[in-house]
């Protein structure tokens, strides 16, 4: 990722702001406010603004439960309790806003999280930057044989070179033709004086899905955690996970207590079905259980055994 | 409205906060942060937190439209343009959080605005305060004869005394019986030692709808304006309008430029239907128009005439 | 619950409809369409309309995953897979609409589920029915000593009589005074000719929270399951659980396959935190574990032991 | 647009369904249920399911307003009243589900309407069809000189040929290389036996934004009208307008009365700002008004003059 001189200057200017406020603050998050945290080859995430901190969650819970919260005597205890029992509304009392630069095919996954506010760079109005995502070699993987949506073995050597070559050439050529149709280059210079260029809203259709776009994305803490839970998961595509991982870090700086509870109950936790519970109960009693006496499918059985480190029982 | 000593002290403490932040601020709003702005007899609105200011709207729009926004050369011009053309997403980039104390029957109207985050005081956990709304005399009105949902003539004299007496007595008695069933008074003292009180989640059903409740209510600027547009309107019930009016004031302190555009295009503006447009066109040409040659209902015709100060044409 | 003659006739008329449609249907749900299923003393739930059935979930999933779904060869297997892995969007493809009559204090809990469409009877426009909820004796419980939001021991004998007497008297008197202020009785008859009645939007504030209201409530299958998961749970207040239980039944008639998966993975399932998982792993290995060597709070430990029927380990 | 034999057969089979239901129906919509209505070169819209009709809106309104609706004595009158006064919730009581095939760059605009349920074909799981959008010549327009997001003059002759050639070649080549990387052709045949293909979730990034995707899209009537109001507008990009126009037709078949009110009050109507109202009032009185004595910007003034056919006053 490289920023222009102007962008770097703008970030520096913003970071030198020193405003006075009566609002609560999150000092660790302030440290990295506005900073462009690099992701993939040209992407980034920047925290642009936020509202509230761990204390805002506690405060909202205490309004709800009134004197009822007296028994839980520490703030951390209360936040853990809320997380464990899915008391979700106090987490909605905090809000955060990111500026994100990301490839379009990842933006298309991301936007499916509807409970957020978005302002995306419009290619109807303006020309998209000449930047597209090319995976690094260690992320070039074959289609998984066992999982319809996953990656399998790494592709390397000549094969990898060939793939990267195709991606690079196609992105460059389609971008060049995009400029051609617009009669305007990415830097704003005109290609052929006096000639009309194709409307931007049409020309953009020639770009490939690895072209970078950018947006402001604002959401509340509850929905941010829902996003991170799904997107920092190992089932998620590597490219969006790369964003989620960096954002997990910003979460930790913003609301460290909620972060701990989130990692324990959501990210590191697991769900066990009604039938799965029966299996676990028997195993704890020291009984032998075989898949045949349960109503679990093979896939479910194996997922359950894996969750509790019983790899020898996988069938 | 009277606050307890503890509440007054808490507000003072919060207002003396002087944190340093790199975030943008809204200085005029900071001035009244945490303050309890009185509404009705026991209600209030407090701004508890906020994110963004006028500049955040502009910044989001400039991300969306890129170089496309250069032509609109002032921030105020851009905000007006966005408001006029219903470019709503930049307004979603600002967020505000209120603490509100309000009668339950008003809370039931308010909650219908779904795009907001809410933490309400829970009467399952805790005992509700002994406070209920009694209208002031000038707000005691008869049912409107012409409008099914409106108020008509003021009720006064003996009649007013009688109504207020009924409201007061019923609220007080039902509250007293609420305490009786709980075996606990509003201040937490036990009524009869050693006796079990009815569960709070049950006892609360005895309270009247003018009992006060309170909540934290957080929303973005777009949805706040949608709320205010409907609730500061003269069709809205007086009691909720009282809240909307005070909140309009906080809007002005927070985002003065957006406030001006909002007042011009939304609050002070009007909609004209396709058929209504034809009537106006003829009137501008100096033609005579009578309701019979239009497809407007009597009610529509009159609303249109009123909008453009043509009271003499009302039929 | 008693319906008026007119209401009974209307239901009969609707139930005798026999329209022809190319849409998919849910025959078991058609059997009870429009029927008023009684709940509490005056409440009911009626299924008024629906869209889609189990097959619509499968169809939506197959559009999403294309040939990727071939491996899961039965519809039930696919629905179970979707439920287990929180692939939520296919469940949003079904929609249902209920007509519900319920006490206001329950309506206030219910409305907190925001992802639904609601049309509630308006007490600004019309007079509310003279019906209020009085718990049956076996549901009159004392405040729980251990749980701030729960019920404890049953209250009975004289104490119960007294509570029911207070509730009944207060509801009746406040309703009578409501009529008095309106100068109109619940059946529409005028009390004193020639006298102006108080505006309905004001008079309603005198009613108690156990007064019945009614609404149309429409939601998609995913959000219905979210609602039922929380409200059919034993932590939910009895009065809303009574509604959820009846609605679970309508769910079973509507989408029997999704219902089975829902009961197995959501209602009957459990969540285990990261720390809890470590405890279970040790127990399966036959190791002794005491609470001290974990980072679990006492409450968490006990919840975990209870989930897996290890009551002897509760501390 | 051409469908495969299998798709045509499936549509025929669905259209021959003749189920019996007690639900209300929309006979005119039933006539075209499941039919693929062609749009652009390869796109289509199909109505797959629906819930409710005009009568459902009326019914919901009558529940809300109770006896308050008696005065409005016809259903059409009531629907018009609701539309005029933005009583939006009764329109949420109807639901519709579409199957849409559309170019990705249009899908990206469309998805910004968040209040809808979506299941999109996943290019992580499956291979995208070999179909991409090429504008017809009469839709090839130059960038507008006056409007940053609009189209200007038609591009034709050699210039048009050249643009179409670039779009076609680039789409074909990037698709061919997509197959190459996958080591699999669009029809599922393997290119080189024994060689691992790149993961689908990666290979897709090479496709251009005019590639077609498809989804199920479900929304309620209110949000459908919000969508159509914006997307059938002349400010909308031609390609999404083509979809909106066809969908307007399905709206008319579904809820003809609501459609009429929508066309009159929303689509054909206009908004006038507070300042604009003052200008119109003066014009009706026969006074001369010049832009200088108003606070309107030049753009606002011209928009207002155009709305009321006062082209001679444009400055």
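Side notes on the structure shown:
Letters are used for the chains, namely A, B, C and D, taken in the order the chains are written, and counting of residues starts over at 1 for each.
Everything that follows uses one rule, which is that contacts are C-beta pairs under 8 Å (C-beta built on N, C-alpha and C of every residue); 3 or more make two chains touch, one makes a residue touch a chain.
Since the model is a prediction, treat every value here as computed from it, not as a measurement.
Chains that touch both subunit A and subunit C: B, D. Between the two copies, subunit C and subunit D, the C-alpha superposition involves a rotation of 180 degrees in steps of 5. Looking at which of B-C and B-D shares more C-beta pairs in contact, the answer is the pair B-C.
Mostly identical positions are employed by subunit A and subunit D in their mutual contact, as over half of the interface residue numbers are shared between these two copies. Each chain gets a centre from the mean of its Cα atoms; for subunit C and subunit D, those two points are 35 Å apart.
Between subunit B and subunit C the centroid-to-centroid distance comes to 29 Å (mean Cα coordinates, whole Å).
For the pair subunit B and subunit D, the distance between C-alpha centroids works out to 34 Å. Within subunit D, the positions touching two or more other chains are listed as 65, 68, 89, 112, 118, 122, 125-126, 148-149. Across the complex, subunit D meets subunit B through its residues 65, 68, 71, 77, 80-81, 84-86, 89, 112, 148-149, 230, 235, 263-265, 267-277, 280-281, 283-284, 286, 297, 299-300, 307-310.
Against subunit B, in their complex, subunit A makes its touches with residues 14-15, 17-25, 30, 33-34, 49-52, 56, 59-61, 63-69, 89-90, 92-93, 95, 97, 99, 117-122, 125-127, 188, 214-216, 218, 220.
Only residues 103-105, 107-108, 111-112, 114-115, 118, 122, 124-126, 133, 135, 140-144, 148-153, 155, 159, 163, 166-167, 170-171, 173-174, 177, 180-182, 195-202, 204-210, 237 of subunit A touch subunit D when the two sit together in their complex.
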